[in-house]
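Below: the structure, in structure tokens.
Letters A, B and C name the chains as they come in the text, with residue numbers starting at 1 for each one.
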Amino acid sequence: MNALRSSPLLFAACVLALALLPVLWPDPYMLSVVASAGIFIIAAISLNLLLGFTGQLSLGHVAFFGIGAYTSALLSLGFDLELPGLAQALVVTPKPVWVAFGGGIFVAGLFGWLIGKLAFRVRGAYFVIVTISFAQVMRMVAINWVDLTEGPMALNNIPPLTLWLPGAGTIDLVSKSSAYWLVLAVAVVSYLLVAALVHSRVGRAMVALRENETLARSIGVTVTDYLRIAAIGAAAIGGAAGGLYAHTVRIIDPDVFMFMFTITMVIMVIVGGKGTLAGPVVGGLLFGLVPELLRGRLTPEVQWMLYGVLMIVILVFMPRGIVPALTRRRKARPAVVQPVARMAGDTR
Amino acid sequence: MNHATQAAVQAPPAPLADEVLRLEDVTMRIAGLTAVDSLSFGVSAGQIVSLIGPNGAGKTTTFNVISGYMRATDGRVRLFGEDITGLSPDRIAQRGLVRSFQRTSVFAGCTVFDNILTGLHLRGSVGVLQALLRGRAFRAEEERLRAEAREILAFVGLSGRADEIASGLSYGEQRLLGVGLALAAKPRVLLLDEPAAGLNPSETESFKAMVRRICDTGVTIVLVEHDMHMVMSISDHIVVLNHGRLIATGGPRAIQQNPDVIRAYLGAGIDRAKA
Amino acid sequence: MDQFLQHLVNGLVTGSTYALLGIGLTLIFGIMKVVNMAHGELYTLGAYAAYGFVALLGVNYFAAIFLSALFGLAVGAVIEYLLLRRRNLAAMDEVMLIMIGVMIVLQNAELLVWGGVAKAVPSPFSQEPIVMGGVSVSPTRVFVLGTAVVLLVSFYMLIEKSRLGLAMRATFQDKDAAKIVGVNVSRIYTLTFALGSCLAAVAGALLAPVFVVSPTMGDLASLKAFAIVILGGLGNLLGATLGGFALALIEEFGAGYISTAYRDAIGFLVILVVMVARPQGLFTKKERVG
């Protein structure tokens, strides 16, 4: 299902509607809720590239989110690090946030490349376990490397997002609306990047790996190359989401690497529809906004039980997710109409 | 094995000038079993060669070794003179040898058209950056690939099914799609693994005609087949395996009359039956 | 030397329960090809069951362990029957995700019922450690080691000597061939999942008085179980046993001699190192992975 190809108009309309939200309904609380849902949508879009389109069940995705968050935060705060072997501590001065943000994306992408090299040496169940372990190791590093990450004491006072425009210089984005618009912009860019990649020779090779890897190899698709592209892309976009998170929430601690966040992203992608462009958006909106609606009414434990049950139900009854189920119903209708028409005009 | 066949098999034929594929003493041992034993034969350009033999003779294993899905325990495989032993299937495909599969030979979740378009992977060169920037070169290549996909669909006779999801195709149509996929990779040597299995007689006839048309475009074809009518009527050359060993090669008439071949298929019982 | 022996003994105690945990997981994978992401939750369930029986119902501790085992058996059977039967288990990704769903539901149910505060299960043994030759061990831990070893041996007897064990081994090797000779593979699957869950629950019940019981303990248990199973090779029962002891000993000596902070990380590091160096596990012969 491709919302972009079948109606660019629908896509543009949605983006416009979302862009006008802060103007029509300037409630700062609501904007921060939607912005945070947006950050998760970006993370879900990135996971979908690896999980939905390339078919690799990577359950360590939160690692890239966290790496992006920490890198961006640290670069914007500046840090000094005593490294063994260096006489003087490594000093990094605080960088403008938009530079730090870029750094977060870059470092996350780098780890994506690294994991691509290591994790894909094993496949199937082993691969899943390696990816989970990778995220857990990152969490432990964040907890224990207190010199760098402040450990459980958290990095706080992270500067807010800034935007750099040629001519205007660096603009501080302090208001909720401007932060919201930046999140929306990054989300739209991520969506378009993934859409562009998927509708190209590169994307087709990735889908081939998902559908039938043996067959893909026989027609010349080099598996490791395309797995690596998917891993780097997913990691970089995930890192962008993490960076946005760090500068909107402005305080991060090792809990940002929690397995639960990976599960949240996975639920968004699966329920929304893996391997579709609209799936992570639908899933992200659902699981980003519903908890807010239920806040106060149902305890978090009960909410999570519901999400768990929902995920199981979807996997059993609608394994392809919500978006494909809806589009299948739309495609099915013409098939019902046709035979009647043919019978009416049939002269056989 | 009688003397005539023995002589034919033992004397290694001189490599022909237009030889596209050659196996040299290829041996494949799997879990203690010798599936293929010192197999040597050559395939000349433009031929249709069939690889036959009773079940378990090692035909599909031979295909696996040639196309890189298994690494030969011993021996060499040469494609256009180049040693391709041990290369991965994608590298071998990039060098012009493509292999189709007996089962699950399509991308089930994609449409028929997208299947072929995906198969045209080697016909394109667009990378990540070009895909993201979508410049003129990208769009030109996409157009070209789409046109080629339509041609291939027409060639295999699936134009009318272009927008169907591959898993919804009938068995016979899926086999055609599988061949179309392999053709999309623009092979110079095409390995077809039991392409006619499960087809009814009329489907088999159209399939045979399609194989001849493929050969007419200059592609060398190697078939593994059980349908003897098809093998005898279509092949320029036949290679017979039994228990992983080469027991005969020759044209269809010679193979049909070869006592070793008959014995391999019917077992020693034929002698007792004749006696 | 005393230090070394102390670590060795501690490692053996934890290792024996790790082995139970690992065997359950590898059994389920070996026979059903299911990666049971909820395995750690059965461990937690067993621990909470023990707590419930002992602290709330006043049941005798030893009986509580037995009851927790039965509880684990029952829950495992129910999960298999409701969610895994009639499913195409070959779709490994979907099955894994379903088990993650189960994990979420179970963990949050426990949070809901018991609250987030850790619970202590009173041990019927005295708190006086037994001291032997410079090594001190609490009686509870001795009991844990003893029970675990008995269970491990019984389990092996079941697998190697009984008809059920024969049916399970047949299904493990070739489920279609097993069907042909009359094995009810569906029932074997249910029994396998139930048995694996039972082993996890027993491990939880045994360790309940040693460590505290909290709803999130399953996460760590799950991941250690995976480390054990990877060390030993997925589906390799002996490997899982040896892997359980190996992981416990690596953790003990690592924590003792290198750093206690990273103790729990060791499991993950083990996974990563083994995956890179020898993906088929330490105790399995090399075969094509994936």
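Everything below uses one rule, namely that contacts are C-beta pairs under 8 Å (C-beta built on N, C-alpha and C of every residue); 3 or more make two chains touch, one makes a residue touch a chain.
Worth saying up front: this structure is predicted, and the values here are computed from it rather than measured.
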Comparing each chain's Cα average against the average over all protein Cα atoms, the nearest is chain A
Among the chains, which has its CA centre at the largest distance from chain B's?
C
Dist(centroid_CA(chain A), centroid_CA(chain C)) in Å evaluates to 33
Averaging over Cα atoms per chain, report the distance between chain A and chain B in Å.
42
Centre-of-Cα separation between chain C and chain B, whole angstrom
48
If we count contacts the way the header does, which residues on chain B are in touch with chain A in the complex?
67, 69, 88-91, 93-94, 98-101, 104-110, 114, 117-119, 121-122, 124-128, 130-132, 134, 138, 141-142, 145, 181-182, 184-185
Chain B contact footprint on chain A (complex, rising order):
193, 196-197, 200-205, 207-208, 210-212, 214-223, 229, 233, 275
What residues of chain A sit close enough to touch chain C in their complex?
55, 57, 118-119, 121-130, 132-134, 136-137, 140, 144, 259, 263, 266, 270, 299-302, 304-305, 307-309, 311-312, 315-316, 319
Complex contacts: residues of chain C adjacent to chain A
29, 35, 83, 87, 92-94, 96-98, 100-105, 107-109, 111-112, 219, 223, 226-227, 230, 234, 261-262, 264-265, 268-269, 271-272, 275-276, 279, 289-290
